[in-house]
Each structure stands twice: as structure tokens, then as C-alpha cells.
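You will see chain A twice below: alongside chain B first, and alongside chain C after that.
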Partner chain A sequence: MNNQQYIDPEALIIFIYIFGGLMVCMILLTFIFLRARKKKWMIKKQLDEIFDNWLGEWILEDLNEDTQLSIPPTLVDTPGNAYSRQYAVDQLINTKKNLIGIAGQNTVWLYEKLGLKKISLDNFHSRQWFLKAKGIYELYMMEQKDMQDELFPYTNSSNEYVRTEAQTAILAFEGFEGLRFFNTLTHPITNWQQIKLMEQLRPLDPPGIFEDMPNWLQSSNPMVVQFALKLAGEYQQFQVLDCVYKCLGSEHPAIREQAIIALVRMGDETSASAIIERYNNETKNNKQTILRSLYHVASTNELPFLLEVYETGDGDTKLLAARAIAHIGPAGMERLAAKGQEQPEPYEQIYLHIKSEIAR
Partner chain B sequence: MSIAEFFIYLFAFGIFLYSVTLVSFYILIGFNSIGATRKYLHKNDFTDYRILAASPHAPTVSILAPAYNEGATIVDNVRSLLSLYYNRLELVVINDGSKDDSLQRLIDAYELEKVDFYVNSRIPTKEVRGVYKTKHPAYNKLVVVDKENGGKADALNVGINIASNDYIICIDADCILEQDAILKMVKPFMEEQDAKVIASGGVIRIANSCEVTDGRITKVQLPENYWACMQALEYIRAFLLGRMAWARLDGLLLISGAFGAFDKEIAIQCGGYNVHTVGEDMELVVRMRRYMCELGVPYKVTYIPDPLCWTEAPDSAKILMRQRNRWTRGTIETLRLHKTMFLNPRYDLLGVVSYPYWFFFEMMAPLVEFIGLVVFFIMVFMGMINWHMFIIFLVFIILFGYVNSIFAIYMEVTSYNQYNKRKEIRRLVLAALSEPFLFHPFVVWSAIRGYIDYFRKSKNWGEMTRKGFSKRPETKPAE
Partner chain C sequence: MKILIAEDDNLVRKTIEIKLSKDGHEIISLAEGKAAIENINTMLPDMVITDIMLPGASGLEIVSTVKNITSKDIKVIVLSTMGQENIVEEAFKLGADEYITKPFSLTELSIRVKKLMSRV
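And then the complex of A and B:
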């Protein structure tokens, strides 16, 4: 049988040569890369030693303008030292992450004295997003506050990674005041970034009142509203309580959920009834959030509602309602016990479950 | 041309078309994996995962670890899992009716007590005999469930029912996880924007020949054993190229049962793991995706290329054959269960690309190869072979396979570089060169056996005897 009339064997032979050539090239490249990596590793190991000794010498010193810094030749600003200087930036950042006080400040001083900011600026000015993001990261980790105006526009960059690093940078430079970027933010802010920002703010002294909070709570960007609600709850922003209540009626379930959590954290006497009012119209997830929240704020006033949910809800709902009922006090536990006796399946097991949880 | 010649010609042409399509897919996968891996590495170059570990705003996670007759290693494995770096974590170990002393060992080691526990059986399962917890503060994340034997899928379903957290991470109890595995697995769920992340997969690596100390991999080494070494290459190819590329194309159909994270609520709404298939891991992902498509809710299944989970691969032909037999049956069962998706535009890329790819090039491939071989011998017998063309074709296909494998090795070296000695890379290359003559025919034959067992309606999970990282015998649940 002759396939040759349909498939040109010559063409296949050309492909065979191409594949063979590709294969050999890739094997060679793999070994070259491996060799380069090993070489880099050796250099890194040497650098580690030099850098550690050098850093150890300076990190705890009282460094000031008069200090005469001895710079190892490998860290001097020459074109051949690009790798070792980038390495020095990375190491200083790692060191700073683990140090506070004078030692932490000294890393910044050394960064500046070694002229390493130039490397970060080169990264920042790169057209490649990951280098730009890295540059911003280096600049804020090394407290280069003079960059804040230049970085600010990037807090609303269309590139997610550049944007998030710029937002982190502005917060690092300005603390709570840096949150002003929410006024102009039109892009999403992921939960990951929200956590990152919340954790970044945690050690700082908060202002009594967040002036821009009402604007953020009415932002057209749902993720800004979500984050603002987190802040409102965490930092007890009672002045925006009305706005938080309004958020209970948002079209976005995630905003409503955050509003429920914020209301409970802010602990208004009407919070419990307000969230109960929402219960029937909520998504399953938000219903569960309401029940979890009621665990913290419910009193005997909420007992009828909780008992109703306890009887009518599905298994998960029953368990959450039972927890909230039990947390009200002995009266709640008595009701759970009574229901367990009246209708053992499933209430007796739920009662015993809750009892066991409390005992632990 | 006689009728016989016509059919044989048609067959040969079909095989040619099949090969060209497969080669095109591999090229597409190769390019996409480069893009996906590079982006991931750049994106997470300086990510500080520690933020998430301790944050009260981090999502809650339950690890589900089913165990069957793992008494020899269960205590150490649980200790290793308890030391994972994540605050809002619960570890649910499900003793799937072990016949050995697994449960007692756990009770003794972790001072467990049977507690009253309300199990909300949203997914029907075999009976739960008891739930155990401890008052010891160091182990307060641990929940041990004792249940009747029902197989891995049933055990995982019990875990899903018991889990109290929003996300579940299903693992094999004998796997070794990296310390930051949970942090890295959870991050994609927190990065969702327009589309809900319903599942996330992680890369599995082969732990044979690696040095393990206190439940941690302390030195990565390429397996000495040929079968395990071949699987190391296969895993690099499958995880670093295949799954990364499919995840980027949003067409990933399989997250390994040894390490996968899921949105618990979606998993429950889909009915949990299917206990009637031996490919429960793939089946759940396909069902979850199908469910989201049918709901019309935008969603995503993500994949992480970091080597986060280490497992022991079969190092004997007999055990490997059982495993591949089961995988084949699992694939057939899953694709059959969801046949409505085949070339169905309602399921977008999943229906028109992913499913057909799995159907033609994963499920059918061994069959096509086997039938091809049979036809080849018939043609030889009938003197119909154009040997010149045949040899050119054969060399073409073998060389393409080599290019694909060498590319995978190159990607491994330029990304994670777990095997960083020249000797190891040389061995990987040699393994790749031997594949078409030894390992591949073996895998094809195992798959054919899987087909036979499938048509015999065998539901056997296949005993998976493992040597363990440190002299530890272990068996997987059998029917």
C-alpha cells in the first residue's frame, strides 16, 4: 500500500531532522542551564559568606552620616556586579523582615549607602510587569518614602500585580492615610490583597475616625465597599453605622455578608434584630453568617427566632442555631435539652454535640 | 483497490490523522505550560505566605485524610500533618474500617476520647462508628472519625460531612506535604475575582529514594528503581506540562486524589465523591465543573506548579500494572458518566476541547495503539507494509515523544529544579529514551487490561502495596 501519494516522506524526514535537532538542542540547553544554575549557586554561596560577615559587622552598629562604610568589592556598583547587588537587595529585605528597631533601620541605611536603590528603580522602571512589581516591593520594603508620589498612580494600575504592590507600598509609607487610594480605585481588590492590607495595618495606631469611610462604603467598586466594611468592623467606626446598615441591602452577597460581620463587631443594641430581619431573604452562606454572628450578640430576645430556625433549618443550620442558643445561657441549654427529649432524632444528638463542645 | 485494502488504508489514514492531532495538542500544551509556569513563578516570586498563616481573616480549611490499615505509619503521618503551617486548620483523619490497630494507635498517641458528635449526613455514606477528639491543646486541630469500610470515596464523603470549615483539602494519609502546602493551595481561592474558584490542584512528586526525616523530605533524589524513575518523568510531564497548560486554558479535568483542594459547599451540592467509580478524583472534578456550567455561574479550577506533595510510586511492574489498570477504568467510568458533555457547546471549552481530548487521547489512546499494532501485524502478514514509509513514520513519532519528554525535563530544570544533579538529569534523559520500548508498551498493556476488567465489570480498587518511606507496609482499601 502506498501512502506516499498522500504524505510526502521528504516532509516527514525534514520533521525528523527538526525533532532530532530540537532534542539535541534541548538536552544541551538543559545541561547548560544546570551548569549555569550550579555556578550561580556557588556564587551565591560565596556571596552568602561575604555578605553575612559584612552585614553582621554593620547591622548592630550605630550608623550615621559620619560612618565610614567599607564595601566589599563584589558589592561595588559596577556592571559585572549586577547579580551580587540584586542578591544584596534580596538579602537586606529578608533580613529586615525578621528584624525590628535599630537593626531594621540599619538595613535601610546600608541599602541606601550601597546605592542599591538604583537597582530597585531600574526594576520599577522596567516595562515588564513582574520587574515593575518587584521594584515597587523593594522600594517600600526599604522605606523609600520619597517614591510615594511616583508610586501612587500605580495603585490603580490595570496590572493586578503592579497594582497590589503599589497599594501595599502606599500603606507602608503612609499607614492608615495611605488608604486614600480607595477614593480612586476602580479595579478589584482580591481577598488575598485585603488580608495583606489588613495585616499590614494591624500593628499601626489607627486614627479615631476614618474620614473617607462614608465614601468608601458608597463606592461603586464592590470590593472597596467590602474592604471598608472590614475596616469599619475591625476599627469600630460607629460614625458610619448608618452606611453599614444600608450595606445590608446591597445587591452583592459578599457585601451583605461583610456588613453582617461588621455590625456584630460594632455591637449596636439593634444589630441582632437588624440582621435577623434580613435572614429570610439571604443566601445560604449569609444565613450561616447571621447565625454565627448571633452566637456573639444574641440574648433571650432572639431566642424565639433561633428556636424557629433550629426547628426548621437543615442540619448545618440546626447546629449553628443550637450553638447560638446554647451561648445565650442556661435558658438556652434548657430549651435544647427539652427539644432533645421531645424529638430525639436529630435534636438529642445535636444537644449532646453542643454539650460536648462546651465541655471541651 | 480491494475492500480489505480500502479499510486498511482508511485505518492507516485515521491513525495518521490521530497522530497529527495529538502532536498538535502536545505542542499547544507545551507552549501553554511555559506561559502558565512563568506567570506563576513571577507572580509569587516575593509573596509572603506567612501573612495568611496567622491572619484571623484567612479562610478556614479542613484536611481530609482517609486511612485504611495504616497502623504502622498513621501516628507519624498525622504528626506531620498537624505540624503544617496554617492557623485556621482542622485535620480530619478517617479510619475506613481498618482491620489493623490504626484507631487504637491514634487514640493512644493523641489522647483521644470518643465524643458526642452530630454528623449531618448531607452526602450518604456508610455508618460512622464514632468521632474522637482530644483535650490536649497541641492536638486540638485533630478530629478522628471511625467508620465502616466503604472505600476511599466513601471515607472522603464522611470527611466532607464532618468537616466544619469552608475549604477541604483531600489527601492520601501517607503523602508528605511541604510545610507551606496549605498556604499555597488556599491562595488561589482568595484571588478569585469574577469567577468562583471551585477547586485547586497541586503537583505530586515521587518520593521514592528521597531522604525523609520526621515526616519531611530532607533530600530530593531521583528514584533508583526504573519503574519509579519512569514515573518521576511521567509526573513531570503530566503535572508541569499537561495540567498547568490545561489549567491555563481553563480545561482541567483532573486533580489528583492525593492532593486537591475544593470548595466544600460546591462539593456537597454536587453530591460528593462517587463511590461507584474507581476514578473518584477525576469524576468529582468533572461533576463540579459540569454543575457550575449548568448553573451558569462563572467558575475556575486552578493549578499550582509548586512541588507540594510527595508520594511513593509503585516500584514493581505488578503494582504499577494494578494502578494503571484502575486509572484506565476510572477514566472510562468518568467519561461515560458524563458523556453528555462530549462536543457539547453548552459546556464551553470543557465540552468541545477538554472532554474530547480526554476521550480520544487519554482514554482511547491505549486502544488505538493496541489495535494499530494488531493491524500492523496483519499488514506485515499480508505483505502490505511500505517499510520505507513505516520506518519514517515510526522514527517521526518516537522522536516527537522524545522532544516532548526532553522539553518536560528542560521545564523542570528551568523552573523548580528538584533533580539538580547532572547524573539525575542524565538518568531522566535515558529513561525518556527507553520509554517507547519498555515503559510505554507496559503502560499500554496495563490499560488494555483495564479495558478488559472494565468490560468484566470489575470494581476492584487494586491492592497498592507500598514499601513506605521508612519500612512501612501500607494497603489501600479494597472492595
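And then the complex of A and C:
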């Protein structure tokens, strides 16, 4: 008897049918997908052409209330035109990012005349965070200042992307006044966002005194304190010097580091001794920040401390201390040279290295 | 004057084209670096306005191509964005005559074009 088992021919036929069916489905789906993609590409290409020509016609014109705008059918506000109208918003924003002057102003005028704010509002009111963030971006890029009260609560949104766009928007609308969102901010501000906000403020005229700064420096949100310290250092807010000193004793290393930097930037005569006092209790990173800061403010008074660190620290620390010592002047260089002669390994190498850095 | 514009952003390219056409210049505008280089070699424009970042060949390659042409003094304006200072410096080393940072005003570009053209 042959005990070998064979596949049931009927089952094999069913399997072939199912497999064949699946193959056909896959081919069909691929075809539909490629067709849809091609159609989208064609629409985009057509839109490119229509919109570029249309916008090119209007962007340099002297546009005012009397201007009779001829709107292409694809940009008219109808439900079927949602894609092309979103495309128009994107293109206007892109143009505004690249051009200023009349062309830049005209992008806002065209955005309003085409009723494109509706697209941005739909995005802004969406429940999906990426559309909400996009909506906020569109509204501030197109200078829709009337939206600032509605956008403000989102400066403390739990979603990082929505929050950062809203913060950027409020600063774009209100300038330094917009920093009021720090009074209510409970969520973190990433370092990248802090850099972006500082850059956004840079071209603007700062107020002499930041009224709310004492509150920010005592905020329960460590990142608000950190950012306030950056502002205090950058804009020389001497009225909060006491608060900055207090921040040297914060439990957060990042706040202490920023306080060190702020104190040095504010250039108080006691700042060098204050940060030296902190040195032994600091983290390695903050110790290095102290040495980098002393490079800018150290005088012969700080020489004994720097020489001690130079002798006892590890390789990186020795180098940072040597730079600060050399920057004090001839007295510092003499001490480095003397130490190099006294103990050539490693001090002579460091001395020569510092000399070559100065020569560069 | 014949001006070649190499800029991959359609709208920016189009608006520059319109503005400079209104100023009375003959414009050739291209979105791709390699095509721009080919056209520079065959058409020998009086001026090239090029973006730093382009598909195909970079703005620096375009500057280098232009300045290697000895039969004609072709002026070059480089369009850059904030943070591209090092590349702009490189472009000047290669011989670029002017640069303008985005966002820029078309009026400002038009003035710079006139100023450079007066030196030709």
C-alpha cells in the first residue's frame, strides 16, 4: 500500500482560484493607485501653470479696493476646488517667504480677495493636530492679525507642534508683547523653539524693560526660566540681576547654566566671583560653562582660581582653564609659560597649543 | 540686455521674469542647473541671476561656468537665503558680482541689475 498523501485536487483548484483572484486584485489596485497618482500629478502640473501665470499677472500690480480681480475657475470658492485652493495658499505663502515689498504685500491682498482665509480656518479648526498647526502657520504668514485672540490659547497646547506654531504666530503679531504667553505656559519649550523665538525677536526694537521678567524668572516651568535668562542676558535686563543670581542656586542644571551665561553677558563686576563660588558644586557641563564664561570676564583676580583648576582638572578642563588664563593678558601667558617649564608634560604642550591658537 | 534666470521656485522665477521683462530686458528662465549651464555656454547672456541651491547643478557651478567664459564679461547675481553666508562667500571667490538674500524686494533686484549693467 502506498501511504503517501496527495493534495486533494479540489482543494488545489480552490487554492489556484484564490491565488489568481488575489493576483488580479493586486494588479487592479496597483493600476488604480498609479492612475490616481498620475491624475494628481497632472492636476498639480495644470495648477502650476494656471496659478503661476495668474499670480505673475497680479503680483506686481498696484492692487487696491478698486482693482477688479479676474479669478480663474479653479480658484473659485466651491467644494470641488478645495485642493486647488489649498495649493494656492501654499504657493502664496511660498512667494511671501521669498519676496518682500509690493510683491510680498500683494500675496496677502490676493489671499484675502480669493477668500483663502476660509481654507486656513478650516485647517485651524480641524481636530487633526497637523492640520491645526498648518492652519496657524498659514494665518500668521498671511498676517491675519484679527486671529490673535483665538490663537493665543494654543500657545499652551498639549501638542508640541500646535504650541510652537501658535507661539511663533503670537510673536509675529505682537512682537515682544507676545511674550506674554510665558505667563501661562506650563508645557516645555524645546531648545530649537527657543532659538527660533530669539531669532524672530532679533530684528525688532526691544522694550527697555521687560515688565513680566521677574515673574518668568520665578516660573514653575523651568524652560520659561531658562528662556527668560536668555532674554535677560541678551537684552541686558539689569533690574532682574538679583533674580538671575538666585537662579545660580536652582535645582535644574540647565537653569544654572543659563544663569551663568546671562550673568557674564550682563557684565556685573561681581559676576566672575559669583560663578567661581559655584564651581565645585556644579555638574561637569556647567563647570565647563563657567570656564568658558571666565574666558570673557576673568581678570588677574581670578588667576589663582584658574591656575588651581589648570593643575587639578582633567584634559578638557585644563585646556579651557588655559584659554581663560591666556585671555587675561601677559600675566596669564607668563604663568602658562612658567608652568610649562616647571612640568613639561602636559603643560608645555598645552602652552604651545594656546600660543598657536592665539597666533591664528 | 539678455538675462538668464536660474531659479527652481516657479513663482519666484516667474515674478523675477515679469519684473525684469517690464524693465526692458530679454529673459531666459530655467528651473534646472544643468540646463542653465548649457544655455549659458550657447547663448552667452549679459547677466545671470542664479539661486544657490538648484537641482542638477548648484549655483556655484553656474558661477564657475560663467566666470570661465573669457570671450564675454557676464555679470552674476547670486540669490541666497539666510544661513548660506559661507556658500555666498565661496560664490564671490569664484567671481560672483552681487548677491541678494531672500526674502528680497523685486525693486531692489531691479536696481542692482541696472547698477551692474551700467558697469558692462
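By definition in this document, the second predicted complex is superposed on the first by the 324 of 360 C-alpha atoms of A that agree within 3 Å, B and C clash if a C-alpha of one lies under 4 Å from a C-alpha of the other, contacts with A are read in each partner's own complex, and residues count from 1 in each chain.
Following the convention adopted for this analysis, a contact is a pair of C-beta atoms (placed from the backbone, for glycine too) under 8 Å apart; a residue touches a chain by one contact, two chains touch by 3 or more.
Only a predicted model underlies this, so the values are computations on that prediction, with no experimental measurement involved.
Applying the stated contact rule after C-alpha superposition, one finds that A:P346 touches chain B and leaves chain C untouched. By the document's definition of touching, of the two partners only chain B reaches A:F33; chain C does not. Once chain A of one complex is fitted onto chain A of the other, the partner contacts of A:L99 are limited to chain C, with no touch recorded for chain B.
Of the two partner chains, neither chain B nor chain C is touched by A:K145. Taking chain B and chain C in turn and counting the residues of chain A each one touches, the greater count comes from B. Of the two partner chains placed around the shared chain by superposition, chain B is the only one that A:F130 touches, whereas chain C remains out of contact.
Of the two partner chains placed by the overlay, only chain B lies in contact with A:I13; chain C stays clear of it.
Within the superposed three-chain model, A:K45 lies out of touch with both chain B and chain C [touch as defined at top].
Looking at chain A, you'll find residues 97 touch chain B in one structure and chain C in the other. Of all residues in chain C, those touching chain A in their complex are 9-12, 14-15, 17-19, 22, 102-108. Chain A meets chain C in the complex at residues 48, 51-53, 55-56, 59-60, 91, 94-104.
Chain A makes touch with chain B in their complex at residues 1-4, 6-7, 9, 12-13, 15-16, 19-20, 22-23, 26-27, 29-31, 33-34, 37-38, 93, 97, 129-130, 134, 137, 161, 188, 190-192, 194-196, 198-199, 230, 284-285, 314-316, 318-319, 346, 349-350, 352-353, 355-356, 360. Per the touch definition, chain B reaches chain A in the complex via residues 5, 8-9, 12-13, 16, 42-43, 45-46, 48, 51-52, 55, 57-59, 115-118, 120-122, 133, 135, 187, 190-193, 265, 379, 384-386, 388-389, 392-393, 395-396, 399-400, 402-403, 406-407, 409-410, 413-414, 417, 420, 422, 425, 429.
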